[in-house]
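In the two assemblies presented below, chain A is common to both, partnered first by chain B and then by chain C.
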Partner chain A sequence: MSGARLGPWIVVGLAALYFVLPLIATFEFSLSMLRGTWSFEAYRVVFADPAFRQTFGFSVLAALATIVLGALLVVPTAYWVRLRFPRLRALIEFVTLLPLVIPAIVLVFGYLRLYNSSSWLPFTGSAWGTNLLLVFGYVVLSLPYMYRAVDTGMGAIDIRTLTEAAESLGAKRRTILFQVILPNVRAAVLSGAFLSFAIVIGDFVIASLLNRPAFGPYLALIGQNRAYEPAALAVVAFAATWGCMGLLQLLGGRAPGSAAAPLRVRRKAIP
Partner chain B sequence: MSTASPAAGLAAIQPAAPRRRLPLAWIGLVPFFLFALLFLIGPTAHLVVGAFQTPEGGFTLDNIRGLFTPQIMAAYWISIRVSAASALLGAVIGFFLAYAIVHGKLPPWLRPAVTTFSGVASNFAGIPLAFAFIATLGRVGLVTVFLNETFGVSIYRMGFNLLSFWGLTITYLYFQIPLMVLIIAPALDGLKTEWREASAILGASSWQYWRMIALPVLAPSLLGCFLLLFANAFGAVATAFALTGSTLNIVPILLYSQIRGDVLYNPQLGFALAFGMIVITGLSNLFYLWLRARAERWQR
Partner chain C sequence: MSFLDISGVSKSFGGNTVVRGFDLAVRRGEFISFLGPSGCGKTTMLRMVAGFEQPSAGRIVIDGEDVTHRPPNARRIGMVFQAYALFPNMSVGDNVAFGLKVAGRPAAERAKRVDEMLGLIKLAHLKDRYPYQLSGGQQQRVALARALAPSPRVLLLDEPLSALDAKIRVSLRTEIRALQRELGITTIFVTHDQEEALSISDRIVVMSEGRIEQCGTPHEIYNRPRTRFVAGFVGTLSLVEAEAEGAGSTVTVAGQPVTLAEPVAGSGRRPVTLAFRPEALKLDAGEGRINAIRGTVEAAEFLGSVVRLRVATPGGTLLADVFNSPAAPPPAPGETVVLHFAPGDVFALDGEGAAPAQAIAAE
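Entry: the complex of A and B
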């Protein structure tokens, strides 16, 4: 049993073929807008489209709002639960995993029924309120990833000792949270943030049903009406996802208290 | 501690109460639970209740009964078939891929490379994925054209269509296989080399090792992963929507059209449709959690 056998190589090779071919095909297709020659024409058309810039900008803003709101919601909760209500951890984790059970389309259907313009809390009555509802929806979608990342990060540092040390130095709750705990789980928050970013940029259902001018509905529209631009947009979207994940790996691998570090330690512990 | 001063007074009256259990500590959890109630549990509960209500608010089972029409049943059936097929194939292929990188004695750099790529690909769902597969296996896609020009094989003349059951399944595999790799790799790490060595010393063949040791240990993980993949595919809308428009009658797309324009001509039926989706994804997730708890016994 020395050296690699043929079987694993065949499996990996076939998988690589399946995963790389669509990427090559998409890239090739995106370059062939002008007949008979390869060019970046499709990309030029896409980037020159004001609708692309507006929708992409809208989605980026929504993603940033989602990350800030998600972090403000998750970090204090995860901290407080670990410090004061360790018994509630299982319950909170269950709630944060629910968005994986409830499909996004069901969730937004519920929003439309519960918060329409004639309801007790008319979010969808104004553009501003709908944007807010959209961001809340994104926070819910990213909750499983954000909470897991932050909670794992908190597990890697000794929050009880840190809290007691800060308290004995006279620090108030807010000081402890923002100046002691948050810097220590920064990498975990960031890794949750990149996943949230990818989710928001890739979303179609929520933005489409709430009628917001986001990137996903724009993609769908272009896909129905154009030939080469969708391929260019798919390459751009894939590059954006790749960028997010690359940054995540980079941060996860390096910083202490990140989500990935304890996982790695545990893996090594298993012989 | 200034917020806790009335509570501190209370604690002084009841010396038995431990100091850590200040009655005001729960306020710290209010934002989270309020948010979850308003934007996660509330809307879902509203739909579940609505599935059993008449438009006037009385109790009824007519909406649920309304699901058992040929059109809606067909939508559920094709959704279940696509999800099951993509979950099964994704689980099997993902298992082999994960096994190859964990126990295949391949160069050490391959595992982090595959894992990182899986992280990207499992998040590469939605509309761009549909575009990628149209450029690959569509009527003028790279692979379609290549097969036709090089081997003279026209897959479309042979009955293949990207906008069909198999087309959708092949597309879904692009995020199903990587997800399987990500979640099964830790379980494969738990397969201890000693077990294999011990069984070999006792004279077991490779087949006996798999049938009597490895597969029974892995079974809960494998089944659990299958269920998670199933739920993952069942709720996906965007890829199918961009791929097929509304030509393929699957449940999420039917619900999408129903929300957009009441295509079923009965608003209450939308609630029942959503309720059916929650039941199916909920059941498969519950089983997943149960199986994962069983599987973790072997991973310590």
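Entry: the complex of A and C
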């Protein structure tokens, strides 16, 4: 082929290397715990550690709670703003982007000041309350991704006309939101969920400052004390995140009126 | 008593009044069209009946119940949108069942009604398909079935055919009308296509700038337009300058006398504009066609069953539709022809540029 064709491929290849190389290196390192041979010894050690299972399970639960709470907060908000207050869209978008600008550590310190055990709302007074606070923090962290995804998803369907169609058929707000709007932005919610999941699994700052037994602090602890296991953990966490999301996609995509429908509409032009 | 009563309804957005003093009484089972140019307020008026917009003034009464301030989901109306607006996540059957489900009808009754409705629109075999698997025409029929399934009191359609191609547009409008007759449902149909409105309505409401210009049967609207606007908007009209003198019903077009059915308003020597429908002008005299205007054929456009002639006359260019006949070819460009018409086939519009858009309809 000609050189003009080759240029773009080189760029793409370099970019791929930039992302893939560290992963491959980490994976390769995680296999070399036993001297002179490749083995899954590091993985055996990791899986045998009950703390791994506990912390990872905790983080997965926190991630699911974050996704549900985030979706319940973001979908109605994005819907309402688009339908009734289109002029507020820019403002809401700016607010949802704040977590990208304000470091998580500032957020946690704010939480600790506001909700400590001697405050008017002592969230940190109990493990249960602290867990709740943790999930709230995660919802805030994932807000930029969740809101953008859902808002874009709503832009792709004509929510105003769908709402009016449902209203003319006698439906009330809640029915419209849960039976008409939500199912049609499922794909968008899922892509927001994917990023939320990754954020929660990878979080260190909030969990460690709130002193919760999450995966991030565990990974940091192992990283300080061991050589090969952290690499194995990173690979496991990476695979598990993708695995969980695949599962979500599968479950989410199975419901009637698959989320892929709008895409197919565009591809298929029926006379 | 009328079934749907719109009285004194006005609507302003900010300082911009888009519907003014709208009065309309619709009988039960009647098919009404709102016809008018883009931006004249048809959709806004329809949306006020649906409840999506609140009137700034006036009342809307359906079947004796004042619904002016009721929300759309409590009005028991059915609405069909230009963009179909089927729920993409639901199958055809579920779309049609939606209104019944919301109303809390039992599953067995829902299933029966869905089958019945899909039978009416002849799409029973597509019950399990999703909207993205249907053509535009099929989607709009499903939307119609969905709107009709919960037995609404009034059916509202906002340009339901304008997203479809010409052939389906014509067949679907016939189908909508047949279905409407069969169910006897009171219907308001919004369109800016005059042919559509003329072909399917019991009565047409012609609107301009938020006002009703004229309300009447298609025959009345077409043959006795009450205002200059209606005369120009509905059907094709060609205008010729003429001169009136004195109080009679005779005017002159470039020296040739023309007799009208009614005396021309005003007095003294004054210009008048004569308006003709293309089908009123014939190439032969007879049947009371006592008027004649001589002109030169500029073009002959073959339209199938009729040939449309452009004839240049001293007063202006006239369009004349003459029937196609296999035995006689149409006049060729350059030929001189005489156009004949009866006094009742021409209407005089008052002097050019007259401020009020008033016209006198010919009897």
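Throughout what follows, the second predicted complex is superposed on the first by the 218 of 271 C-alpha atoms of A that agree within 3 Å, B and C clash if a C-alpha of one lies under 4 Å from a C-alpha of the other, contacts with A are read in each partner's own complex, and residues count from 1 in each chain.
By our rule, a contact is a pair of C-beta atoms (placed from the backbone, for glycine too) under 8 Å apart; a residue touches a chain by one contact, two chains touch by 3 or more.
Keep in mind the model is a prediction, meaning the values are calculated, not measured.
Once chain A of one complex is fitted onto chain A of the other, the partner contacts of A:P122 are absent, as it touches neither chain B nor chain C. In the superposition on chain A, A:L169 contacts chain C only, with no contact to chain B. Residue contacts after overlaying the shared chain place A:G223 against chain B, while chain C stays out of touching range. In the superposed pair of complexes, A:G57 makes contact with neither chain B nor chain C.
Within chain A, the residues touching chain B in one complex and chain C in the other are 270-271. Taken in their complex, chain A has these residues touching chain B: 1, 3-5, 7-9, 11-12, 15, 18-19, 21-26, 28-30, 73-74, 76-77, 80-81, 84-85, 88, 92, 95, 97-114, 136-137, 139-140, 143, 195, 198-199, 202-205, 209, 216, 219-220, 223-224, 230-231, 233-234, 237-238, 241-242, 245-246, 248-249, 267, 270-271. Note for the complex: chain C touches chain A at residues 50-52, 71-79, 81, 83, 85-91, 94, 98-99, 102-103, 130-136, 143, 146-147, 150, 156.
Interface of chain A with chain C (complex): residues 157-158, 161-162, 164-172, 175, 180, 183-184, 186, 256-257, 261-262, 264-265, 268, 270-271. Of all the residues in chain B, the ones that touch chain A in their complex are 20, 25-26, 28-29, 31-33, 35-36, 38-44, 46-47, 50, 93, 96-97, 99-101, 104-107, 110, 114, 116-117, 119-121, 123-136, 141-143, 173-174, 177, 186, 189-190, 192-193, 231, 234-235, 237-238, 241-242, 245, 252, 255-256, 259-260, 270, 274, 277-278, 281-282, 285, 299.
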